[in-house]
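The following pair of complexes shares a single chain, subunit A, combined with subunit B in the former and subunit C in the latter.
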Partner chain A sequence: MAADGRVSRLRRMLALWGLYARMDVLWIARGLKASATFYFGDLLLGLSGVTWSFLLAQRFGGIGEWSPHQIVFMLGLALVVRGSLEIGFSLNVAFPSRRIGRGQLDHMLLMPQPLWMTIATDGFCPASGSGQLLAGSAVMAWALRALGLPIGAGWLALLVLHVASAAVIMLSFAYLWASLAFVAPRAAEEINSSTMRMLEQLKPFPLDGVGFGLTLGLMSVVPAGFLAWLPSRVLLGLEPSPSAWLWTPLAALGFAALATGVFRAGLGRYARTGSTRYLSHGFRR
Partner chain B sequence: MLALRQWRATAWLAGSATVGESPVFLLDYLLRALRVAVLLSLWRIVIGARPDASPVALQAVLCYALLAEAFADQLYVRTTISEAFWQGSITQYFLRPMLLVPQFAAEMLGGWVVNFALFSLPLLLAAPLFGVDVRPASVLAAALFGMSLVLAISVGLAFDFIAAAVTVALEQPVWIVQWVRQAVTVVLAGSVVPLTLLPWNLGAVLEWLPFASIAWAPLAIYTGMGHAVRLIALQVVWAAVLWPLAGWLWRANREKVVGYGG
Partner chain C sequence: MDFAVSLERVSKTYRQRQRSARIGDVFRNLVRPKIVAIEALRGIDLSVRRGEIVAYAGPNGAGKSTTIKLLASLLAPDSGTVRVLGMDPVRDRVRYVGRIGVVFGQRTELWWDHPVAASFDWKRVVWNIPRERYARMLGLVRELLGLDEFMNTLARELSLGQRMRADLGMALLHEPEVLFLDEPTLGLDVLARRNILRFVREVNRERELTVVVTSHDMDELEQLAGRIVMLHRGSIAFDGDFAQLRRQASDRRVLLLETPPGVEPLLEGAERVGGENGRHEFVYDASRVPLANLLEQAAAQTQILDVETHRAPIDTLVADLYERWQRERA
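Then we have the complex of A and B:
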């Protein structure tokens, strides 16, 4: 019975992903001006976030012990991680404080399916959200070629594992902070803009040598180190520990568990208070 | 006198709204403080490993980075006009007995006062704890910094209204224009990396663009990295060019503004 339930849920999710993918393509087809502006705006923003790190690496022949090509690989990986979030969790699903703060969580709760399923499928935009993933893949491929790293099936599996883990950490971090919007919907509506900006600004740097305290902070309070730096160390073979490949996936599990617990607690409060953001004639308070 | 009272009242309303709503805004300051600490460490790694490759001393770069964060509001000017489009509240601004630019500028000022008192000032006072000497390159540099900062705000404000007019003219969502503006500014304004540290002599070229007038100019003058007279002259030129452009663009497009609500 339990296996049947799992299969039926999987079928439902596949059907929803297919539906949202179709809607995404239809959105592009509906108006090329709007979709092209969105696509290139998103791409430009992603690239600008990593450009200055690249420029510094060029100017100083690397950053710390990292060579310019290793830096470029890390920047490509950072773009791929963000790009995978753009594909799977667009439309503010990765910025849940906006949905909670604006009272739009009600729309998700009304769906005839569990909330987690809505979160996992609602923001699927494989076409319009592909800019950073494609750009990041190209940047990474170029850096790998320059570095002459041997690429096999095992390495590719490790890459996928680390990209998925980093994306889970990014998403968990967003949901962790977004839970504040259950308590202060208006004040915390844009808290995810701050947290995402923070991750975006700190992810394109190698953290070797920043000191124990800061490294600890960047692997916990603001887990920017898991988004590109540590995965790059593992994938480029810079990390000597044989168990290093497990660190980011384990951190992803930890962050996901913590975020789930905190978000559920907030949801419990929301069930009692609801949202009061909209006035009866539609304007937001 | 009436105009001054209007400015003060609007700024007070905006500032008190920031503080009075919820203490959540303080968390943003914590994240910014962490960001400063990381950036300072990174500069120590970048320049500390290859001091000969840098045309400026590490201490000047650290001062530049800390000042960029302390004056972040002023070096990337953003009024709430985009939010007003987005929420439909722009219609209310047209109804008030005050010109549009002063309304948004006064609101912005109110937010700045709060941020300056609760974040920028403590950050500047705590600079020695970060190992940063925030004293200016000279007394003259400090005086010229003040003048340059006012010009930077003026150029930044003009950019904000140009972006607003472009949003209306192109009928684009506000966040897309903001993305493009942010993306371009981050790289070209020198608010994160001093232009003089860019490769391929890019900085010498970028200094002549208007973006350099909003961040690089005041920071370079304060830290002694740039030629003060040339930078201020460029700021004056860009303010003189951009304000008429912003006015013309806004007048040409303001009647296309439609408020549907949030």
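Then we have the complex of A and C:
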């Protein structure tokens, strides 16, 4: 019975992903000029976010223990993580403070499906959101070739696991901060932009050599270390601990649980207070 | 009795933070802000039969939108019970929203950068509407709302009237049993408004759709609904048909008299509100002063060339009623 339910939910999600993918492709095809501008703008934004640590690595022949190619790998991974979010959670799904603060959570609540399903599918943009993922993959492939690392099925599975975990951590971080918008919709409407920018700026740096307190902070309060640095250490074989491959997935579970709890508490408040403001075209392209 | 909507002793209070404009109060506003409780709904009881159209009216801040949000599953009551189609809108949200339709006049469910047809297709998939039902309802709304002319236009390029028609059509694609309309004709021109009203009446008649509609336009509500529920400061101040409302609000009528120029008749029990060149306009309460009495008075003062009488517009009556409620409260 439960298995039937899971299958039907999966089938439903596949149908929804198919729908949003179709809409995304049609959106691109309808206005090629506008969508090309959007696509390349997004790509440049992603690349510019990681360029500075690349230039530093080039200038000084690496950063700390990291060689320039290892740094490039880490930057590629950071782009792939960000790109995965762009593909799966566009249209402000990864910026929930906008949806809450603009009163548009109401639209999501009027859809006859669980809210988690809406969050998981509503922002799926595999075509228009693919720029950073493709660029990141290319950068990573180039670095791997230069590093001469043996790539097998096990390593690829580890890569997927770490990309997914890092994306979950990033999304959880967004939902944790966004929950402030349940309390102060107007003040917190744009809070996700700032918190994400902070993560974006911190993630392209290796944390080796950083003091314990700061590392702890960057692995908890602002979990930038989980987005590229720790996964890269594991994937590049720099982490001696045999259980290191579990740290990022476990952190993802922890952050997801915390974000779910806080967001659900916010939803409870939303049911009591509702939304006092509404902007008519804030989330749907 | 088969009720589609039932509210029992429903109350809802909002807490609103008060901010003083004085610079000296900045610290106090932060540390000990003044919170005011606003009672949006005070223990209201309301039932709507299946297939009924109910107009839900009241002055600004009366609690109309709060009620619609409660009925649409977007808000939970502080106390009391809300049941629609036998379900609790908040607890049974997923099942529930699949059986109702909601249209907010100031919001749109359409995808902004996609043509209307794409939004309709999105609705089909997300609401999991069977193909046969979708084709049938699509045909119906296209025909009745005249959607064909802009099905392939981007939502952001539609006029307000077109957008409203598209939103209304979209709200019905899954064949809901109850439709909640919150000011559906806000900002529309006369023709667009007439089309929307005609459409709602038609689907109500053909499909026994239960409709709860809010609006500030009383003429519109009278054309649409047989029953009107009026809210005043969170309580139901009136629940009945429009004829009863007219009686309660005073049966105010307009009397137009034409006499030879230069005469200004004075009628006891009627108020002269305008007129010139022998045409005189009076208003009077027909439940208190018989028309014959006024005509008798006029005839005693001058020659009557023509007489015309009609009911005051419902909007005027309701404005009087709101004013009376405010006076009573004061």
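Note that the second predicted complex is superposed on the first by the 277 of 285 C-alpha atoms of A that agree within 3 Å, B and C clash if a C-alpha of one lies under 4 Å from a C-alpha of the other, contacts with A are read in each partner's own complex, and residues count from 1 in each chain.
To be clear about the criterion, a contact is a pair of C-beta atoms (placed from the backbone, for glycine too) under 8 Å apart; a residue touches a chain by one contact, two chains touch by 3 or more.
Predicted, not measured: the structure shown is a model, and the values here were computed from it.
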Clash or fit, subunit B versus subunit C on superposed subunit A: fit
Which of subunit B and subunit C A:188 touches, first, second, both or neither: first
Computed vertex angle (subunit A) for partners subunit B and subunit C, CA, steps of 10°: 90
Which of subunit B and subunit C A:273 touches, first, second, both or neither: second
Residue contacts on subunit A - larger count, subunit B or subunit C: B
Contacts of A:202 with subunit B and subunit C, given as first, second, both or neither: first
Touched partner set for A:212, first subunit B, second subunit C, both or neither: neither
Partner chain(s) touched by A:221 [first = subunit B, second = subunit C, both, neither]: first
Least C-alpha distance (whole Å) that remains between subunit C and subunit B when both complexes are overlaid: 8
Doubly contacted subunit A residues - partners subunit C and subunit B: 281, 284
Residues of subunit A defined as touching subunit B within the complex: 34, 37-38, 41-42, 44-45, 47-49, 51-52, 55-56, 58-61, 63-64, 102, 180, 184, 186-188, 191, 194-195, 198, 201-202, 205-206, 208-211, 214, 217-218, 221-222, 281-284
Residues on subunit C engaged by subunit A in the complex (per definition of touch): 14, 66, 69, 72-76, 78, 90, 93-95, 97-98, 102, 106-109, 111-114, 118, 121-122, 125-128, 156
Complex interface listing, subunit B residues touching subunit A: 21-22, 24-25, 27-28, 31, 34-35, 37-38, 41-42, 45-47, 49-50, 53-54, 87-88, 170, 172-173, 176, 179-180, 182-184, 186-187, 192-193, 197-200, 202, 261-262
Complex contacts: residues of subunit A adjacent to subunit C: 12, 15-16, 19, 23, 26-27, 106-107, 109-114, 271-275, 278, 280-281, 284-285
